[in-house]
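Two complexes are shown next, each including chain A; its partner changes from chain B in the first to chain C in the second.
Take a look at the complex of A and B:
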């Protein structure tokens, strides 16, 4: 008997989730992206506002292991770029100068920054030639010579966190309002239902726009950030609230709830000890699937120029600055933040998919 | 004249082929702003000769006008039409030019009594045959050419000029506040070609004003009298206004005659080379004015191109895209400097030519700190010359030139163009060197120290100092420039916020002195406008572009009744400006102009960044006779000196 190990629901879910290959990859990518976002000051070689006037609209640089003679170098390096403005085409042309190579060095001192706004630091994960003229821009630079790689990382912090913070707020509102509506019923339920319907019937984009336009321009970047987050969550909670309410309604009459109540458990215990855990997995899944919507919402608002504004760097802001004909023809690397958005959104959707399967470990058995 | 040009001409002009002699076509190389040589025919710099002077006796017209039930071309032209020498070659008739709405003021510049020569200083007679000032400069006698006609065949006479001035400019119902240039003006018609202006004070530059703002002086009386309460029945006018969609006659008249880039919202008779054929919201169509008063050296009535289609293109980006893909025959006004490489890319594939002209803006940015601002602390700070010099020296103009202008602009302060009579090199360079140490030393000296050690300077009493720059991102690259400027100012410890605002807001807040700091572009830098409108250097006007001294201007404009009395050195500027505009002594004029500019250079009342910036002017390969380089800007009405009527399509 002791040989037979019992699996807790959590372990079961984990086993199930591990078998979902895509979800595992997605989870890995997201952990990677969030780590980058958390440590962006350290990982990025430059600060987002740092300008390199020798590299304006420079294309992404090649990071090399093999030098001009075909010799393998263990330490990767970049070649110096020489900028000339073509007198006929007015094009800024960058030519690699194979005689000057800058090896990539790790944990170098560079532009000082404030880590998490807490303490001053100046170590960067990597850079080239910290005090000399060499530079590395492996995602290229923008029209002011700012490093696109560094800006994408700093943008990741804002864009990725706005998803999580926004969904946190959504969850709070959704579970609170949905839960009470479902459990209490009556007038409160009707009120919440009607409110939900009204909110869902309004087209979101114009509403977002109106509210964003109402954000005072004098607000500091950080207040604007929270303003935008609140706007996004205020309209995101309705779906979740409906689901939660539905679950509560259905579960109120379930045997185990009735039993708990008959034993004499109070409302609080019934709700938090018995009812919520039984569909927490469902909530987590819904929340995961809601994150990309938040990220896209922020991107859309910023892209339209009514969400976050420079000097805040978010993926939406970066794309907003790249939304013209000139960029597509001349400097397509400025669209790279778009690729990050796509990857993030896909990853969240796959993760949500995996979580949904895992949350119900017996689903595949039932199908058989 | 370049050898190449001469050769090309020699190729074209076989003996006997044309009545034009080579000597006549000799051209002068003018030194324009950027130092490159601008080559134009010599004839463009002198009063245009007439057909009789050149022995041209037969005239011809475009086939477009054949079978149109018009009088013969000889009768439509003035008795002795003026002859415009084309830039490269005699053109052929025909074709429809595709442009955007915004460029129609450039393709069809106004044709006034006077015009501006391509040296950007000489004023030449256009519809006028001759003009003369009396000795003290208070009387100007002008004689119009014989036989001038409006585009609807009605004769153009002194009646029209009297109407424009007495019934419009001096009519209190139409202009409740008379424009300064018309105050006290008296105009007398001697006959139907000759009229006399009597000025209350000497006006040696009145012809500059008439050349640059022709719309104020030339309104067709026979057309507008039908809408004018002094001539027509009020009820009839009200009916007509309702038909045309205007609230009242003065709104209609204002729209008709506004001195602006797009003067043609009303289809009234014109003197320009083209007249409106039809107006739809998306497309304005123009066709040649059959009564246009100019011919080429072969006696062909100008313009060469028969018609113009101006599309409504709202987004500047679309204008760039259309220009770079060869969908426009001429484009300039919406094309930013930064897009030159993109446009040049189109040169290889789309059959266009990208000419790079130079904007005549003394500086693309005029950064203004409001010395009449309501906040006492800020006002004191901005009025301190050390502070303005520190702001100026903290700016790395060479880097701005490299980043924004491909290194092809000129780092300089707000001052006149190098070709001007009033220019001295040090006006452009004073306090313009990049020297953060000197800037920081000045800020320290004023008492702006970083008290709490956060890297940002506080006011001398320890309270925080935040500068707010509010501006409209229009015409020149202001936003990208200000991003750089703000970063330079941050680097010397100044906390600066910037915000884009609406144009209307800019106007109302600038004239009421509510803008703390703002940015505009500085034109009026040529000898056409500087002597009459030295607005960036002297407080004497209220405008959206002038936010640094609104109260001193108000004081000047109201003879001391409103506003604030300026300090002595500012008052001196106003006195100098008055003298500059009225003195008949040429040497004294230049001396006073230089005094004004020298005081500005020393005091940095407005801060410049990079001027004489490259301006792309895109033409399709089939469009000929367009100058390759020139000055681009309001002072000279963009293309007025370069004769767009002689542009033609190579078939």
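Take a look at the complex of A and C:
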């Protein structure tokens, strides 16, 4: 070894995390999804409630570069949809009309919206010529002619943020209760332990359902959103509390903790300055792995119609439209929000796995 | 063993007590109570009750008593088998629940067995052939199963079933057997519908079970006794099944406790999608209509089912693994 370099634990963890290729891909996809969620008003070509009466239950439109003659166009375009009513079934059927093409334009003026509720804007990332008769529905439309792509993006904002906000709350409860249980021990410890056991033995979904069904229907969307988030995290803290408690118990006897206490550090300092930082990486890992449960919980509740309700747009609310199989058979593209749920949950799981390996950067170095 | 059983049975009581308090709080949550909601419906049809009648009604439901008394009255009735009256269906809750909870139990138990039958061999195979292509593909499938909400699997199955085979899923019985008395044909008809919810619900628990089995067995395979046995010339398959698998499977029984709440939760929502005659759809209807006696009783029963299931898994574990019986807790 010619040159000795010292790496901080953070740098070591990053080195190790980077070697975990799947986790890197997952992190990339999540950054992408969250970026979309943050800028959904701008990226989506329409607003979630905007209706297109000429395209009701329209199937996804293909974005094309090659026209009917096989000619390559630098500017992508979509074909017009021609509506026919099937004389046998009375169903609407759409067919692409290759004679009319609508080129996709960027930074077009469209339906005005309030960006982050702060200021009015009307530019959209892409759309077809807003003054012309054309329209673009990349993921198709629903039974009211609303653009599914735009709605998926707006839904991403609610569904993705509920995971993070919920886990934040869970983290707070878990660390607080688990930490005190492990540090104080005694009656408080056994109380928290029993509480954990009870909560873990209750099937959560029925309880979530009962609590969120009890949220007053008159509440504003934003209050309901926080209500549902609180309900989800109310039963989610147990796993984290157990882990934190175990760590605290093990660490209470560690030399550096005993030393800190002997020097005369008070409880607060020992906990927050010495103990918490030494396993914060594990907390982050557990938190990452807890996000999917929150997202799936919200989705399930909203799907059943007792979580978030329209006009709030979340992935679960969107899937609620696809509840019976006639709808699924006629308009299978309404299941597309489900694909986003699956990708998000897988990404969080892989990211969590990667973080778990990286959280203990010394483990494999010792082996090597 | 008898001591252990007694200790565990006693341990169940505080758990159930806490759950019952939680459920009672849930029953109280919606604004108004059963009498005000009854009055609302009556006045909507043009009937107004006299104050005396209202007082009588309130007394009948113990609503004039303080909350702790109301709780004791409710739980007392519950234990003695009277779960109250469902105004949504205008029938006693008992009848409604008993005709459905059997199916819930049946589907949950089948899903548990399905999870194991699928996940155990896969976990064993993945551990023995660690890092093989099959190992990776099973892990991937498991991950997708874990990440897909139960109801989405059900929806996709419904779509595929219709567009590929022209089948319409849903329900537990074909129309002609729906109200027929039990017979062999009705039973086989049910089995032909049963596998769909069982597969859908079972998939979600498969990933975690597979991973656990794989990890347990990998730990076991590294131990010296395995090397010794192999050196002595024990045939590989016999060695594998006789020693490491038997030990690796022990903590597995304890995963019943982990899986059961998840399976019951899964059943609640899959039941709605597939239109099953189980407790799930009933619970959703009750909650949306705020028929709280029905909803509360259902949640209480489902929780009891879980707690008893966990007890059984603990007993099974203690029976298989003597170390647990004598451990002091």
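The criterion applied here is as follows: the second predicted complex is superposed on the first by the 361 of 368 C-alpha atoms of A that agree within 3 Å, B and C clash if a C-alpha of one lies under 4 Å from a C-alpha of the other, contacts with A are read in each partner's own complex, and residues count from 1 in each chain.
Keep this in mind: a residue touches a chain if its C-beta (ideal position, glycine included) is under 8 Å from a C-beta of that chain, and two chains touch if they have at least 3 such contacts.
Small disclaimer: the values here were computed from a predicted structure and weren't measured.
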item	value
First (chain B), second (chain C), both or neither touched by A:335	second
Partner chain in contact with A:49 - chain B first, chain C second, else both or neither	first
Partner chain(s) touched by A:214 [first = chain B, second = chain C, both, neither]	second
First, second, both or neither for A:296, with chain B first and chain C second	second
Chain C versus chain B, contacts on chain A by residue	C
First, second, both or neither for A:143, with chain B first and chain C second	first
Touching partner for A:325 - first (chain B), second (chain C), both, neither	both
First (chain B), second (chain C), both or neither touched by A:266	neither
First (chain B), second (chain C), both or neither touched by A:202	second
Contacts of A:84 with chain B and chain C, given as first, second, both or neither	neither
Common interface positions of chain A, toward chain B and toward chain C	325, 329
Chain A residues within the chain C interface of the complex	194-195, 197-198, 200-207, 209-211, 213-214, 216, 292, 296, 299-300, 303-306, 319, 322-323, 325, 328-329, 332, 335, 338, 341-342, 345-346, 349-350
Residue numbers on chain C that touch chain A, as the complex places them	14-15, 18-19, 22, 26, 29-31, 143-144, 146-152, 155-156, 158-159, 162-163, 168-170, 257, 260-262, 264-266, 268-269, 272-273, 283-284, 287-288, 290, 295-296, 298-299, 302-303, 306-307, 310
Chain A-touching residues of chain B, taken from the complex the two chains share	317-318, 320-321, 338-342, 344-345, 399, 402-403, 406-407, 480, 483-484, 487, 499
Chain B partner contacts - residues on chain A that touch it in the complex	49, 51, 53, 56, 85, 88-92, 143-145, 217, 310, 324-326, 329-330
